[in-house]
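Naming follows writing order (A, B and C), and every chain is counted from residue 1.
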């Protein structure tokens, strides 16, 4: 398919979008629009890649694949976090296939071209005397840690991330994500378009019917002044006073359509996202002394959301694999010095979100099956309960509109 | 691919068709032509969906998927059969995923939007005071029962079905399909284009070499005056007199290229499509008293054929899954009051067509493998033995020609 | 996708090729370019199909599939090797599905149309008196045996093969491949573009890091005067004298970009491609009396390479299955009169290349994963170690350039 055809598909689809309604069918199914999503969004925006605690020491690396692009992220000998395209500069072979590991050098398994952790090519065989190794460093990818959350960007010139950093840092810094360790992780594949996975996450309108385990702790409320939740509002008022006293921010930040950050309380009597509402870990994060902190909820377009509790952090990363296939990785972290068996139990700590993820997978897959139908017509969102979905689809359409305009120039 | 490109593929392919020959390669392989098949045929024609006896009571439902379109068919509280796109009017989620069931309401598993069995939206949460629920009924699909055979049509304005109904009703009414029950079903997936599955069914030229079990009862003869089958003609004459005396029609109806209906005898001594030729069920259908009725064979474009015997009905439904993937569902029905173990044995009753379906699957798959070859050239049909295949491909080409002309207007 | 779009993709991709560098990303991933590869190369060039010893007797046949085209190769009653499209002239069904067998006639499993081994249609049922069977022979495919190597060509007018035949015959004739038998075979599927599989084979730059078993016998040297391999050069000089004395040619032939043929010695002390370097078979091939003959290495575009040792021949056949999926078949042959258990042991004989193939599969798959990345940029080949890869990609680009020019006429 020519680029012109592909852009025409997108143009036509964008023109049929209706304010306040779910997206037209093509956005969830058309391979050409999926390709636009990759080029206009996933190869241009900042993407959450991993919690920084996955790379504690020089030489540690993790790998991931952004659709077609294998990426390696590592901590170099000077402690600097770097990211590269995981393709050798010789014939393009992937350099690392392990999801994570530790190494002093990057050696291509094909012909042993060898790179320093800075990306510098330092050794090749038989390339001749005229070969200028310094012209073939690994191709870098932008990378930054936002208070322990590692983001990468495949664009040549990445969009600004500083307002996001400034806004969310005060919320998550007290939880000190850099001093955590991953104690559980899960990677699932959902047979659904990545936008349905994100839309599912952007509302709790479905929680009552789908997530009994999650609702032990979570309140459907997404804003601290939602009049529908009278009981919870009373709790919110009380908590707001407690958190103010502790110097912990909680009011919603103004992230426009791009991000959200807020601290919200759990249901009365629940301290954590566990089946019994009890803390997932005895040892609190950072220097926290108060257990009852609800959770800081952070979301950022296009691919991640997080919960920061008093004793646990949760990180969710969404990566598209195809028009109707999406990978969701979840990592559960506790204080790096917490002891398994004493401070926490992995089953107790992970159960709620393992179940919730499985439930969301089914919901997203059924949504995919129904919205690929020629009988599907976009329906109206609930302004009360799905305002964050509305925001997401607005952001999505704006972003592709801009991308199309740039491409047309 | 743009719609113009897709239609060009079809145009070119149609122009290379040769009268009396199998279709050119592209018709069995090209994804663009497959898409045309869906839009020009499967989303426009009446499709056999299920035997009505699968929905005996108010609240019973069955689901199926017409390529991309999940459909639900149900009997409402007033006993009326209705069909809907199986997609919620909110965000498009599939409403029902069970192949069949019983329910008083349709409740979307995503956000619990709730519909009456008439399709009326009767309950939503948090949609605000201005929300006009009556604007969001389930989208209806045309549905009708032709004497117990449930047909659906996804077109806005369905083609006429009344001549078909009038023609076949006298043939099948005596077998009273509404008073049957399904006692066995099978759903198989063939790695072949749907047209190869239909073509395979439209001739018995292949029977001698492929279907030993079927030939216990079936005669290769497709017309009651086929001079090649002298012995069977004598049987036919005798049977015609018997059936006339019983008031049971048997002569071929004039269904043009669209359908066929005829009663033909079995081989001498065979009463049913069983391995031993003995009746599949002791209890006869409807009010029939004579066991030796051969079978009424009904076929209708684009996706179904049936056998109505004195004591059993067989229904075959073909649904395309992709250019080279097709689902075939077979249901075996007997009188609703027949008793398993006493009147019938499932293995005895189903064996012949379970074997025959498996043999046809292999034939269609080998046909697919050979006709996707650049070395394949369409070959000549046998006018004597493949006239119904000729009719089918004529109908197919005419239908896509019309669809292209309409699209061009 | 229209043909014009597809050719545009190829045109754009060809224009971005850089001399001495690996191919741009699209060549390894784009379905349109894969289709061009089939039409411009695999449906036009001579392809290695099988060792002739697989068809020792009249009536023997083998089948293979060239992407979409099932092919049958057989030895007819007069001993002539023939090849046909494996599609019945009736409705296109594949005639044979066995990988190999023996038959007196070819009978289509669908409707029993029957062909002589010359391809002549000799029997059909019910085709009527006017049917002219002689107009429906099996469609022939060009086939020839080059000294025991069976090549086929799907083009109407095949390219010339006589220079190749004349050049390589003196090298392989002493090994008498016609008097061998297959004693082991393997067929593996690599998740990589066929060109990456070939490129991998065209250099031993990767051997040091990947193939410990192969390096027991093989020298990385590809030319008899490669100054990097001083020790081996001494062996080469000695061997050249020995082989000259035996009348066995060894110097590289001039096959341009299309083929290569050379005899090279193994490492000192190694007689064969076995784990211990000992001969794979006690009985020598043909009338050979000298065990230490290194191996004749023959490669021919686009899909095959071979080793002819004193006591074993190895044949490698590459067939593309899709843009990122390729079948590699390897056959191991020894003298037709050699006795298993006495003369050879299958595990001892096959182990090195079973391991080497598995290693190459991983290398090609990692190359595929890295080169599909938007971060991949073609890199420089080593002129010393990858000159045969350079030749291959030159040949590839030239061939598609010519094909495009012809198509444009």
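We take it that contacts are C-beta pairs under 8 Å (C-beta built on N, C-alpha and C of every residue); 3 or more make two chains touch, one makes a residue touch a chain.
Owing to the predicted nature of the structure, the values given are computational and were not obtained by experimental measurement.
Student: Since chain A and chain C share one sequence, what rotation angle in degrees maps the C-alpha trace of one onto the other, as a multiple of 5?
Tutor: Rounded to the nearest 5 degrees, it is 120.
Student: Is the contact between copies chain A and chain B built from the same residues on both sides or from different ones, judged by whether over half of the numbers are shared?
Tutor: Different; most numbers are used by only one of chain A and chain B.
Student: Measuring centre to centre with CA averages, how many angstrom lie between chain A and chain B?
Tutor: The computed centroid separation for chain A versus chain B comes out at 47 Å.
Student: At least two partner chains per residue is the criterion; list those residues in chain A.
Tutor: Residues 1, 5 of chain A each touch two or more of the other chains.
Student: Across the complex, what residues on chain A touch chain C?
Tutor: For chain A paired with chain C, touching residues are 1-2, 5, 43, 68-71, 85-95, 97, 109-112, 124-128, 131, 136, 139, 141, 154.
Student: Which part of chain A faces chain B closely enough to touch in the complex?
Tutor: Against chain B, the touching part of chain A is residues 1, 5, 8-9, 22, 25, 29, 199, 205-206, 208-210, 228, 363, 366-367, 369-385.
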